[in-house]
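Which chain is which? They are A, B and C, in the order written, and residues in each are numbered from 1.
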Amino acid sequence: MTADTPGTTNTTKPADTFVRDQWYVAAYGSEVGRELLARTVCGEPLVFYRTEDGRPVALADRCVHRRYPLSESALDGDRVVCGYHGFTYDTTGTCVAVPGQKRVPRTARVAAYPVVEQDSFVWVWIGDPARSAGTAPPRAPWLADTENYTTVCGMEPLDARYELLVDNLLDLSHETYLHGGYIGTPEVAATPITTEADDENAIVRVSRHMDDAECPPFYARSTGIEGRITRWQDIEYLAPCLYLLHSRIAPTGVLPEADGSDPNGFHTEITYAITPSTATTTYDFWAVSRDFARDDEEVSRFLHDFNREVVMQDVVALNKLEKVIAAEPDTVQELSINIDTGGLAARRVLKRLREAGRAAGAPGGAETGTAAGAAR
Amino acid sequence: MTADTPGTTNTTKPADTFVRDQWYVAAYGSEVGRELLARTVCGEPLVFYRTEDGRPVALADRCVHRRYPLSESALDGDRVVCGYHGFTYDTTGTCVAVPGQKRVPRTARVAAYPVVEQDSFVWVWIGDPARSAGTAPPRAPWLADTENYTTVCGMEPLDARYELLVDNLLDLSHETYLHGGYIGTPEVAATPITTEADDENAIVRVSRHMDDAECPPFYARSTGIEGRITRWQDIEYLAPCLYLLHSRIAPTGVLPEADGSDPNGFHTEITYAITPSTATTTYDFWAVSRDFARDDEEVSRFLHDFNREVVMQDVVALNKLEKVIAAEPDTVQELSINIDTGGLAARRVLKRLREAGRAAGAPGGAETGTAAGAAR
Amino acid sequence: MTADTPGTTNTTKPADTFVRDQWYVAAYGSEVGRELLARTVCGEPLVFYRTEDGRPVALADRCVHRRYPLSESALDGDRVVCGYHGFTYDTTGTCVAVPGQKRVPRTARVAAYPVVEQDSFVWVWIGDPARSAGTAPPRAPWLADTENYTTVCGMEPLDARYELLVDNLLDLSHETYLHGGYIGTPEVAATPITTEADDENAIVRVSRHMDDAECPPFYARSTGIEGRITRWQDIEYLAPCLYLLHSRIAPTGVLPEADGSDPNGFHTEITYAITPSTATTTYDFWAVSRDFARDDEEVSRFLHDFNREVVMQDVVALNKLEKVIAAEPDTVQELSINIDTGGLAARRVLKRLREAGRAAGAPGGAETGTAAGAAR
């Protein structure tokens, strides 16, 4: 029995838990502006801001002088002026002014991180910046596609390791128990899944197609459907950060047309960005994009508030679970069954990515040879 | 000089602190019902409930699947349905249903703990369940004897290791200082004690008989005695969990009859159950049972509130002491004197019991060969 | 490059951080009275009180019996009666009474610490008491010189290691950034300093003379000066505890007379006592003594409130910095420049004093051969 098949396994320690040389969602684009924003991603403290011409910037959030957080500082044009002693950095992290002397030490610089703004998110590259060349974050195009989708979204900080959120989202049978009366119905837990792991591309797919199911309030109130439904859940987990749930519902028996079009189905793209902050805390970005009732603000308000409640049910449960795991010996075992094949495949993919990131070089996220770079 | 005679000794580390193969009070019977109740006893997380026909049940409070606390779950008849993914357990801890598949893995079970309801308490056996056969918890019969006693009671969680509460209760000279104006008078600290340790039965007895003492408010207001009193304190500590203080007061010079009857004495049975929760937290169950003014509700109210105040004085003091001990090096020494002979005897008895519990087998509280059992 | 010259250095661990065989400010004299006062100095828990004839006393704050804090106790004349079991100590720390027996064990005593009341402070000697003979705390005479100075003062607890406060105060260029609009102006950061380290006497001097500077609100509102000023900052750091900032301001161009008198200058003596409590907490005593507007209560009120705001800006910043340092690996480096010569000299002096204190003997602050003494 291997670690990715059902059975008894040991749980993972949080140490060395991060996957490096990867893009992570650090913020919504709307959060990054002319105020400094502090976010810790994969254990690395970062400060984000937007230049006067609108470009997002990410720097290490520690002044080279006495490690004061630059996020406690102020912007002077496109430069960050440390709030303690005034060390001043440009958008490349180069220190361009220090107090009391003209000469700026050659080694005075902080790491600048590659950033990309895409699909309404600001993504940051954690790992060796050189390896980001030619790569791009995975896509969730509906988030910025306002012609075809209406999106509600949010972010909840989680006091739990990101692996617990991956486990949670890869196994939706928990909807029946943890989210009963919201998005769960008996059919979710009862219906078997199919799982497919694309190891090469680090993608895990889990599908559950329910032919005749109760319609949970989440969909009943947003679509107006009154009877039972056909409900399809097709998950794509693009490890480590992006999780997509393609959800289709329709009255029972209503299927897509032979040509693939689906005028009578209701489509919801549910996006999560799972961003590790520290070893035991996580940013839980969530978005719900729909192709129906697109201009109905009451539906938008309902989906926002209702989905946030669902997310908070997970947050409360996972925060409790983190405390359990943190307090108990590592030898405690888990018992996995068929519903866990997606989660176990995700763990295997993450393990491989972690090892690949480590093999690529020692941790250290930026230009080499600088004081701050050598230190991280 | 040995550790159980007065003198200088080192304090004990909290590690390996629990006495195993013993009965512990986990709750009042009135606390265990059709709602799931979480209690951690000797470091073992447990969930308690009562079956539909009234029998108390104790299971390990961790689902075998992903360790979610079963106490966050719901009852379905006599079965516990995990609130995360629906793993379902019967009263023996056997998993009888899992989501998404018919077959339940053979190893899917959580530990069930022996429980006994006695003297108004629910007792749980911590240790090897097989060793509980033929044993019974010690008795405090007045607690459930409503014909002859009226009892007020409560439970206060203590943020201190249980040994500090044992020390506290075995040496009542502290009543004079910590509980002055409540239950303490100068005579308590001034009167010598006699101590007797019954090592074989793990019982420590400490007696202090005051022939002519001030009557503290606790007794003055409950008995109506106005002058000085004869006050007897006879402690029986049935290690590790049960502490009994047989208290007799009467006007000075009023003694029991020659035939042993005592119609003019006022008798109060003060019961503590000292239940270790974690290595540094404790459940402090307390009860006051009297054979006088038995139908007087004002006296009951007074004794309840007043005794709770006294217990809270101990709680505040011991919580402070725990912080002192936790923060300071282990090499700090204590100086013991005659008042400490009871406490030192209790430490010696606990040490012997701890070693006996360890000799009986490795920690692990339940059926062998199960996933959860192997994991604990 | 050595540790006391600008450049890249590693930061210091808090372990073994205290300088022993030194006088520390434990309290203002006004704080020590007939109520017991608990203060932890250099990791040693102490209790302070004043005898009936007015003499300050410092004892170890742990009863020899069960380590209960004596500060939770009561005074009986000049004696401390432990609040748990009544062990009673005189001003030398000798136990003079125990409960339940006449004989007091020979070894029953707690450490008594040398104390001196001077310049409005109560100073305590941390280290070998014998080595305090013939020594005296350094002076800040204006604090008690009510004929020539008016003083406002306070104390703020800091959740940061004392070294961060030393760094902060030795490099006033931070006034420009952290205290802009209060005491900082652009000239402070821009004006070079001169630094002088008197290693033998463990004194570091840092001077910054600004010939023509903006007048910050702190001085404008207290002196009434409306234009630009000559501003002199002359620091004397008498390691480890006492920091003096001799501040002189006057309208630009107004200098002291040839004979050294300075009738047209405004003099402010700013005193800090930097007292390590635990390895990561500090007592930040501060005082502002002025030789002008001495009877103006509005100026006193203004300077008190305004300086407290400035101190709190430091407290907030240093508490944040402590969290950064505590959370991050020790390998993180700092980059020092010319403004840091004072702080680096102070670090070197502290290092030498630490080693001298250690060489003088193992930690242990009091009489030898006692239970408590052996334990500390």
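In this section, a residue touches a chain if its C-beta (ideal position, glycine included) is under 8 Å from a C-beta of that chain, and two chains touch if they have at least 3 such contacts.
These numbers come from a predicted model, not from an experiment.
Rotation angle, subunit B onto subunit C, C-alpha superposition: 120 degrees, expressed as a multiple of 5.
Judged by shared residue numbers over all numbers used at their interface, subunit A and subunit B contact each other through mostly different positions, with under half in common. Between the CA-based centres of subunit A and subunit B the separation comes to 47 Å, rounded to the whole angstrom. Not a single residue in subunit C touches at least two other chains. On the side of subunit A, the complex with subunit C involves touching residues 45, 62, 64-69, 72, 81-86, 98-101, 105, 107-108, 371-372, 374-376.
By the touch rule above, subunit A contacts subunit B in their complex via residues 6, 8, 11, 167, 171, 173-174, 176-178, 189-193, 317, 320-321, 324-325, 328, 331-340.
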